[in-house]
Amino acid sequence: MLTFAFRKILTLLGTMIGIAALTFVITNIAPGDPARLVAGPNATEDMVATIRSEYGLDKSLPEQFIVYMGDLVRGDLGTSIVTTRPVLEEVMRYAPATLELVFVAMFLGIVIGVPLGMLSAVYKDGPLDQVTRIFSISGVALPAFWFGIILQLMFAVDLEWLPVSGRLPLVTRPPEFVTGLLLVDSLIAGKFSTFWVSLQHIILPAIVLSFPCLASILRVNRAEMIEVLQSDYIVAARAHGISSFRIVALYALKNAMLPTLAMIGLRFGWMLGSTVLVETVFDWPGIGLYAVSSALSSDFKPVVGVTLMIGFFFIVANTLVDLAYAWIDPRLRKA
Amino acid sequence: FERTDKGNVIVFGGRQAIPVLDPHIRYDWSTRMMQQAVYDGLVKYEGDPAEIKPWLAEKWETSEDGKTWTFHLVKNAKFHNGDPVNAEAVRYSFERGLKLNKGVAWMLKDFLAPEGISVVDDYTVKFELKGPYTPFLSFLPWWYIVNPAQVKAHEVDGDYGQKWLTDNEAGSGPFKLGRWEPNVLYEAEAVTDYWKGWPQGEANRPAGVIFKIIREPAAQKAALQRGEVDIVEGLTPDDYVQIARAKGIAIEDHKGMTTFGIKFNTQQGPTADINLRKAIAYAMDYDALIQVYNGAASLETSPIPDAMRGHIDVPGIPRKDLAKAKEYLAKSGYPNGGITLPYVHVAGLEEARRIGLVLLDSLKPLNINVEIKPEQWPNMVANGSKVETSPSMTSVYTTPVSTDPDAVAYQYHKNSWGQYFAMMFYDNPKVTEMIDKARSSSNWDERAKLYADIQTQIVADQPEVFGMLQNRRWARRDYLQGFQFSPVRFTGEVDLYPLWVKSE
Amino acid sequence: MTALLDIKNYRLDIGTFDGPVHVLKGINLTVNRGDTVGIVGESGSGKTVLVRSVLGIGPRNAKVVEGSISFDGQDITNLPEKDWTKIRGIRISMIFQDPMTYLNPLFTVGRQISDVIAAHEKAAGTGVSSKAARRTRTEDLLDQVGLPNPSMLFSQYPHQLSGGMRQRILIAMALAGKPDILIADEPTTALDVTVQAQVLDLINSLVEKLNLTVIMISHDIGAIATVAKRCAVMYKGEIVEQGMTQDILNRPQHEYTQRLLAAVPDIDIAPEKVAAEATAAKPSKPGHLLEAIDLKKVYRSQSGADFTAVNSLSLSVKTGEIFGVVGESGSGKSTLARMLMRLIEPTSGDIIFDGQNISGLSGEPLRKMRRHMQFVFQNPHSALNGRHTIGDAIGEPLRIQTNMSRRDIEARAEALLDIVQLPKMFKYRYPHELSGGQKQRVCIARAIALNPRLLILDEPTSALDISVQAQVLDFLQELRSELNLTYVFISHNLAVIRQICDRTIVMKRGEIVEQGDTEQIFMAPREDYTKALIESGRKTSQAANLQV
Amino acid sequence: MDTPAEASRPLTFRERHASQIRQWRLYAHMFRKSFSSMLGLTLVVLFLLLAAFGPLIVPYPEAASGAINMSAKLQPPSSTYWFGTDEMGADIFSRVIIGARTSLWIGVVITGLAAIVGITLGIIAGYRGGWVRAVIMRITELFLAVPGLALALAIVAALGPGITNCVLALAIVWWPGYVRLVEAKTLSIKEELFIESARSIGAKTPWILWHHILPNCMSPIIVKMSMDMGMAILSAASLGFIGLGAQPPSPEWGSMISVARTYMPDWWWYSLFPGAAIFLTVLGFNLLGDGLRDILDPRSRDR
């Protein structure tokens, strides 16, 4: 078990370094000059040079890369040239907002997607199946940014049921920082009104983010359910007189959950990527927004940092999925 | 606005974040708006037309040769932690700005060395310049005074407290910092006993101001209409028209100093040909430029904005005239057109993009194709810093940081090559000479004449399509009072100090 | 007394894209309490569909055209789903063919059985008993089917058990509801020869102990003879013959039954005709065509442990003979065959083909060499690429190894189809449109396309029905004399080996335990292993049971 | 039994290809039975038609090349401007229709490039095994560990906005999906007997890859490509929305929305129609892919 954990950590480290190298190279192939941006429009050449040398941008690219990798090994993601702060610190500040959003969206996706998938598998080719099929594929096909705007207009601007954007109303002070997830922190602090308003704020972006994920969870669950329901052991269970409900809800679901879990792991990473869009639309102060604004100002250290962070969460999520697999599937449980 | 137990908090909705508050490092509009709220300078720009008002300095004098400036400070000014604002603080602040060599440093560094600043007595400070420099005073409103004691206390590795000042302040301004949630909101709390007092009266004084980041215009509009914010910037021209009709909303619409021009690369490529440049300038649909802003703009009549001293209406500045355009085209190296010219604009700048479309449409009759290319600002500046990489046409907005005509004229000086506003690589020795002469002269009449000649000559050389001056606009709730416009501020920037809420 | 199960003139269609398929055509079958009925018939004759219909779990788009099934006086032909709960698994239960796929891999064995018990208790309306009570009952059942250490088994997962154990678990499950009828659908087909006998014994003993009524399906007539007193023969959806097993075996009436019985090879009969032909061929071509010296294959498993599949094995095959390789499953027969073909690399040792050492060969020379030796695989269903037509499949070796023109290849493919006695038309068909025997012929055609000198046949008939097996074996012998081939023939079926091989080696755990003339080995086995092998072969050999 | 004369008669096309014809008829039959598949097909065909003939049928084809008409800007939908006009007075209907061509191009290039690279690498990795596979799969996993959109964003941000860069960036992040799909498929096909059979008759590796492995991987690839057409269009639109995709005056739906969102909600039609166009196109390709999966992927086939 220990060697297993050790190996996992080792691959994780390897992948992280790989991602860092990949994004670093990709983002630095272009001629952009972020020092020029932060120096201000009128800055003279020597002022720009001051900033360049301060951030090591005057070095050659391979040198910069070596420095960056060296820092990375020590847990330093470099410094954002725009905000002059360590990227790690900033990513840590913005990550909870993103994670909270992703968790809520994932929750919605699973809670709605799995039962719907089950139902449409049981009533395969029936009207319910056709409707959920179009519904779920619509989920994947809807442009998140567009859908977000439309929801915003409908529920926030027009009906005024929900807030337009942000995580909290202006005057509401965030609860004391424990996990960084407002929904959790406000409960810990016992501030139910804060919990309530932050729930209102998260609803729309979470729906937008969860929709495609819900859809693919539904699709995978349905497909797997159909296959499992045709499998021999389900036939056998039926032949042995086990009730249909029990077969579907217990036996088949557990088997169908394996690929569904894999999809959830995949979608987790995908969601982290899509927050780039959703956070832009809903002004959600997470790492997606941070990445976009950094990318738009050619400030690449944060872009690399965020990509790494997303990769990290993604790998962690998939490791958890692997563990869940082993927990569900006894065949994978051998020493 | 938000009602709190301490009073009303005014909410400003803006699109641009404030990554670094340090007054000697950055000075874009959102940053400067907050800096102006928490810091004081020796002097301050106010009013339209902009005038330099005494602030921390109650009076000042200049030596005969224009090289020595002596400032006498007010005696009651206090930093937020209670320390007095004295001559040493002023000296330290200027030294800090110059030594860091970032942000505002470029304004003074060629004329002022850190050693040139000296403390005469507790409330008197003296600047000795390397040479006479008439625009000196016009730059001072951009230099804020920080509290040396606080800064030194937070210094790490001799960084002049840069790290700390990123999201803290050590100022004496009318506000002090409250909540600081990067990328979300920034709060400034009013200083109860601000040394200069409050223009709207203590009773009307707000408890503070919140600068809320709202990136989407649609969300900004919604927030304004719902009264969640009191004033917003950065709506589209059409939005302003639309929202002006809504109840309870007033539009602030003022003539600004930001010029828009389509800069040609006058040294290389097709646009090195003056006839082609003229042809383009005459083909341009200037009316459409104004239409892009729904009328809230005025055409440039000279390189120097109207609100600036020394401005003249240059006669014969090109307006749309297809016949003339074709005439010039015939004289150029491309008599039948058939070329494609790039038009580069800053990615995300909506109006610049639309003007690109206008240009594209305007040049169709000349059989010239336009390729609209958005670029990230740093890339655009990087490309524009060299003749070889500078595109044929670049759209550039320029906001002069002082009211002195030199601020604009110097853009056409050969020394400015490499700067973003000098992407045309304009080279006319006569003009260069005149600019040098004007900037060192302290006789206004002489300067005015020189600037008139400079303007005429530049227009004749057509290094750019002279575009328009866009109006500065904000949409605010009508209960928000005290709004004061001054053209020398940046687009979007509002003086938060005099604002107050009139409750019905 | 009414019959327990009465199937009257039962006709069933299955709707497919090409229109309805008449799967069952007027089945009449009665089963009385205490009967043991066997159903025998070739693959696809409708056995499974028939018994599943009895349980109400027939194919999805099946339609009863005519007739009825009644159980204990109750018509169950079109019983609604909710009424089935009182019958299915309780009064009629079933044992399935493949014990692995019929157990849910994610639940413990104990859980699955006690769930069945709970379901039955619920259906009976007696109220579900406690977990502990169910556990006791489950362990009783496990004990009853002869599984050791039931309390440990209870919390094990299917993948931790062997095939025979799993089949016993399935039987335990089927017995959980104390059924009136137990249906066994080919309960032994997926099992090893030795285990087969054990499971059949178990069923036999249960029938006696619990006085069960049993319907057992098999295409293995020997298995049927072991268990069933009465027997029905199905052919193409019809019951062509039924009666006492004894009678049918001794006096088959229907033509198909006669064919079926004739096809069963008899381990105890020394084949004369074949042996004679082989001896005739021998002297004409002396010398050794293929030799293996000290061959060894070591597999390294993921956990790092070494496993020696073939160990220091030497053999030599004379030109023109049929060389038999026999051994139990896992003894390394296929591994050996693949090494001889150089399809897998031997860990050490040499292979000499026609005087040339081919163990070091690679690239072009190896490809050239392959013209002379060919392989026929165990499973014809997966040895053909489903996306190629038969014509392509047969032409492929020619296209690879020769530069014949397209037209010539077409012609040759047609000729080859002729040789393997298939219509020319078949070259436009796809593998899935052919029966197993036909596919195996295509595989052979493909193997002989390049006129090889040696054919290695790895259990070429074990995936086929017995009647088809006989055809293929006959055909192989014809072919050999026609084309002057040498065979290496692998099988675990001793009867087959005896029927066609000249010389044989017996393998056990990768080593040769005995070798010599086939007849000699069968008449006077020297090793205990060989004796045991022959004995268990004899026991399951269909012919052995005919004499019961 | 055939008489000898009959047997030697050359077979007609129909007879020779009876199996294929039946197969295709079966596909068509199954496909027709599903409403959603037919809907998908209809949408895709419509989209392809518009991409082919769009510029010929729209009322204001010049709107796609940047013609402006400031006097008619931001007009609501009417009989002259079916979908209204944009901020420069261009006809949104014309731009949306002509945008189909841009989208088609985007989808085809991204999916095509990704598929070519991904299939090649995937087959090599799956078949060769060993360190070749290890290297290819490590790199693939690396790419897969970063959500594509985030990576594409970084790439375009570095290369600079524009449709070519955007397509390039998406192609760069897209191929790993194919590698994984094809590698897994190849691994399982490699174990099939018919591969060994082909080796035993002396087939070389390229022959086996081309004639045996690739055709057997084709069904999932076709399904994935159909789905990816939609997803690629959507992703390109997303980048366009962030402001990094296609540039004016090229009519690309995502960048149209990017501009249009600042005109919400008062000028709702501006973003509504391009958004609906993206949605319907992507929906079409996905429904089609889903329908294809049902008929091509034997796992979900039950007849």
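As written, the chain order gives the labels A, B, C and D, with residue 1 at the start of each chain.
The definition used in the following text is that a residue touches a chain if its C-beta (ideal position, glycine included) is under 8 Å from a C-beta of that chain, and two chains touch if they have at least 3 such contacts.
Nothing here was measured: the structure is a model prediction, and the numbers come from that model.
For the pairs A-D and A-B, the count of C-beta pairs in contact is higher at A-D.
Averaging C-alpha coordinates per chain places the centre of chain A 24 Å away from that of chain D. Between the Cα centres of chain A and chain B there is a gap of 39 Å. One finds 45 Å separating the Cα centroids of chain C and chain D. Chain A and chain C have Cα centroids lying 51 Å from one another.
Those residues of chain D in touch with two or more other chains are numbered 157, 160, 243, 261, 264-265, 302.
In chain A, the residues touching two or more other chains are 30, 32, 149, 153, 157, 280, 296, 298.
In chain B, the residues that touch at least two other chains are 216, 218, 347-348, 376, 379.
Inter-chain contacts, as defined above, occur between A-B, A-C, A-D, B-D, C-D. Interface residues of chain A, counted against chain C in their complex, comprise 231-244, 246, 251, 254-255, 328-331.
Note for the complex: chain B touches chain D at residues 216-218, 236, 238-239, 242, 287-288, 291-292, 347-348, 350, 353-354, 356-358, 360-361, 370, 372-376, 379.
Residues 66-68, 70, 73-74, 87-88, 157, 160-162, 243-244, 247-249, 259, 261-267 of chain D are the ones touching chain B in the complex. Those residues of chain B that touch chain A in the complex are listed here as 2, 4, 9, 11, 17, 19-20, 25-28, 101-107, 109, 162-163, 166, 179, 181-185, 210, 212-216, 218-219, 222-223, 226, 228, 347-348, 376-379, 381-383, 385, 401, 418-421.
Interface residues of chain D facing chain C in the complex, by the touch rule stated above, are 2, 7, 11, 15-19, 22, 25-26, 29-30, 192-194, 196-204, 207, 211-212, 215-216, 302-303.
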